[in-house]
Amino acid sequence: MELSLADTKKWIELFVQKVESEKSQLNELDTAIGDGDHGTNMDRGMKAITDAFSKKEPEDIVSLHKTVAFALIQKVGGASGPLYGTAFLDMSKKAKDDADLTTLIQTGLAGLKRRGQSDVGMKTMIDVWEPVANALKADEFNQSVIDEALTSNKALVATKGRASYLEEKSKGHLDPGAQSSAYLFEALLTVLGA
Amino acid sequence: MELSLADTKKWIELFVQKVESEKSQLNELDTAIGDGDHGTNMDRGMKAITDAFSKKEPEDIVSLHKTVAFALIQKVGGASGPLYGTAFLDMSKKAKDDADLTTLIQTGLAGLKRRGQSDVGMKTMIDVWEPVANALKADEFNQSVIDEALTSNKALVATKGRASYLEEKSKGHLDPGAQSSAYLFEALLTVLGA
Amino acid sequence: MKKIINKTEDIVSEMIAGLVKTNPKLVKQIEGTTAVVRNDVKFSQTKQVGVVSGGGSGHEPLHAGYVGDGMLSAAVAGEVFTSPTPDQIYEAIKAVDQGLGVLLIVKNYSGDVMNFDMAKEMAEADDIKIETIVVDDDISVENSEFTQGKRGVAGTVLVEKIVGAAARSGMNLADLAALGQKVIDNTKTIGIALQAATVPAVGHPSFELKDDEVEYGIGIHNERGYSVEKIKPSKELAHQLIEKIIQEFSDQTGKFVVLVNGMGGTPLMEQYIFANDVLNELADKKIQVAFSKVGNKVTSLDMQGVSLTIMKAEDSWIDMLEEPVNTIGW
Amino acid sequence: MKKIINKTEDIVSEMIAGLVKTNPKLVKQIEGTTAVVRNDVKFSQTKQVGVVSGGGSGHEPLHAGYVGDGMLSAAVAGEVFTSPTPDQIYEAIKAVDQGLGVLLIVKNYSGDVMNFDMAKEMAEADDIKIETIVVDDDISVENSEFTQGKRGVAGTVLVEKIVGAAARSGMNLADLAALGQKVIDNTKTIGIALQAATVPAVGHPSFELKDDEVEYGIGIHNERGYSVEKIKPSKELAHQLIEKIIQEFSDQTGKFVVLVNGMGGTPLMEQYIFANDVLNELADKKIQVAFSKVGNKVTSLDMQGVSLTIMKAEDSWIDMLEEPVNTIGW
């Protein structure tokens, strides 16, 4: 299934709104097991996306993803900037040949793993991307996929990112990047009308 | 009237005890209108006096005053060190010719004024020394002289020492140096049996 | 939270502006970035391998304060506690490359590693030779191939000084990277906090310590440490940290370097008292300290605390540490 | 109170021990005192007028951190916030006198003035020529012949740098004293505090400021200031202080020097932001800043706050400020 340009834009705009309104919530999650800036970082990226959209309306899905990628790479910094940035950059490149939604999300996931030298189960945003990508493939993507991903992420001990310094103590806390990725895919669900 | 060597020593020892037990009280007075260390400063001097006495028993009033002076000059620092130090050094020099108690206190007072470039009414220890010196001369030295000196000191606006930076706000606070001088003369009263 | 700032989002750009304006002979800002590059006369007159470092802000004088002849060629400042973005790092690389390549000194945080990696990819597309060394001196975190690994903390400044001196002396890129890696392998740090830092965007200390508590093993971004204990006399704190660090060195002969680093909110007075205790104990242990340094070198905003870094050093490293250098912060 | 110390009464001696041990090529301790004197090779090889300063501890790196070729010859540390005693000052004078006399740089506090005076009397008895200059740059306190007068604060470091450079260049004692006095007359400072310092022997901050309050005109020993207001953006703080300081200079043409000084507990980050605002506003006012400096130069233990010093400078003073110098703190 391909998402239309308008729907893709709506998806990203819903994500932007959600992150902006949950900025301090994301900061708080990051305060517990990281350095407290995930909301602030992502919020900077969201503003940059809105700016970029208003400066130049994306003409197709490729350029839309590229616009999002550059906004994130250039403005977010931290760990989440290069991660989300790489995911969207890889998705933009892929969309040149194949804009299938499932393929794109899988491409983004592969980008995350490459950039982060990481995999599922390390208590990062990948713990949300991977089940979502699998569910899309199996055509079983719905809110409970996200909810379950967050629940199991919470129970993990972190082995990548700042939370890994806490070792056992990271258990029981939700990873902030997992939460922001959950917002991303909840926005997608809304657009999909599910 | 001359104070005997034993009485002079007793006077100083009582002073030492009093300052040591009121150390934090003096610090608190100094915290209000100075820098909070008058008790700590004086306490260092008191320990040095005790040390010096135990190392070498003073043989006469001259050497006793000199011992006290050197202990204070070398260990107190701050404003009170050179002031009390100068007072006792001048008293020691004077005692070579004339060991009359009234004369000595007057000599100490003159030393204070010279070293501090100051006079009565500036909200300093001099506000206690001067009435005591006058009372000794008039043979009217008693506790109420000290009490009244402290009361009027409290009402003054400081024009010397750190408290002078507070200008009007120094009013209503007792000067820490005045309080330590009050202890000195209360110890003297005890020795005089008054 | 009380801080002398304007808008939170302007903190880094205004800080860099202030630093550059007050040190115009030393550094200049790279247009459109919050990166600074050497501005001394010698910079354009002598060729050497460029040395670039950077990371989140809040650790001042690291990194911009170490830009100058004999130390860093350029430094890139990210947002507070947030890695700078690849485009900023890329601009810094371009500003210092003189054809001999550029060494990147990165502290081991996933964000820094990833952003510097992306910048490296960008620069390599321009045929600029790049080597990266990753500082991970914080031994309070266990090292493992399956985790993020140890953090980069105060030892970074010693790496920057030694590598910077070697670069000035004309060492080539590959050798510089090898030297840097060797220095890192011999540098061990642990930090303690009496009070956590207040991140401006958060507004309160990230964790609370009681009035008589000290936390061992904290990082420079309020990362929690390995234990919270009652505060002890400086002598005992020094003893505990030395015991833990020194076991990392199997060979305790030869020359050592000591860095007592203030975290930002702890006065120099306490740092010297702690340094005195450290040097006394090392002397008792017959460990030879050939160079030592005390001060706010790698801070964590207004965190109260200190870190202790011990390095086993080759003779030439001592010389490179002692070489005079004209920077804001060394 | 949490501090990294051992016994309160050992603070100063242990601090000086730590400072000397970590800087053996720069300074050495004068036996039996908490004073330090230059220990560089050049010290014994070249004759110059000795320059000695000192005062209570708690203002580090002032004064021991400014001992070195081209700045102070020796520095005397008293107890925390307490003037050193005359015998210590006298030892420092003897340690630096090379027959050309010694200049004493004293901050204007009754204790310092009296103790340095007594030391001067002792040295003069040894036929050592002594001149004294008294720094009183703090314009938050009214000057009057009938009071203690203004306090000596952060401007002291600028006086020490200029006088130190002139002494190194061979200036004689009388001229040095005249130069120092002229520098003092042209140096004006105001400080602000966000939080008072905690004197170790007292154990809590000497006064309380609310979470949104700033106090203007504080001294470096927790002396209260002239007003308490709600905290404002850095830009407005800078504006208020500049307005107050600049009216002290009737002639606003020519060159000026700016020192933004951190009080000990305020990170460099905030100091640079404040400095940026100061320099922007002075540029708007067409006041020419020829030299500026930012950092923890004259601190007040862990006080949070900054001070702003503005000096109207002669051209030669700018050169003397810019001259490189090898000290711990400049």
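By written order: A, B, C and D. Residues from 1 in each chain.
Keep in mind that, in the parts below, a residue touches a chain if its C-beta (ideal position, glycine included) is under 8 Å from a C-beta of that chain, and two chains touch if they have at least 3 such contacts.
Molecules present, by chain and UniProt name: A, B = phosphoenolpyruvate--glycerone phosphotransferase; C, D = Dihydroxyacetone kinase subunit DhaK.
Predicted, not measured: the structure shown is a model, and the values here were computed from it.
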{"item": "Minimum number of chain-to-chain contact steps, subunit B to subunit C", "value": "2"}
{"item": "Euclidean distance of C-alpha centroids - subunit A vs subunit D, Å", "value": "53"}
{"item": "Between subunit C and subunit D, centroid-to-centroid distance (C-alpha), Å", "value": "29"}
{"item": "Subunit B-subunit D separation of Cα centroids, rounded to whole Å", "value": "31"}
{"item": "In contact (per the touch rule at the top): chain pairs", "value": "A-C, B-D, C-D"}
{"item": "Partner subunit C, residues of subunit A touching it in the complex", "value": "27, 31, 35-37, 40-41, 44, 73-83, 85-86, 115-116, 159-162, 164-167, 169"}
{"item": "Residues of subunit C that touch subunit D when the two form their complex", "value": "1-7, 11, 14-19, 21-22, 57-58, 60-61, 65, 194-195, 211-214, 231, 233-235, 237, 258, 260, 264-277, 279, 292-296, 299, 301-302, 304, 306, 324, 326, 328"}
{"item": "Subunit B-touching residues of subunit D, taken from the complex the two chains share", "value": "9, 56, 78-87, 109-111, 114-115, 117-118, 141-142, 146-148, 151, 199, 201-202, 206, 219, 221-224"}
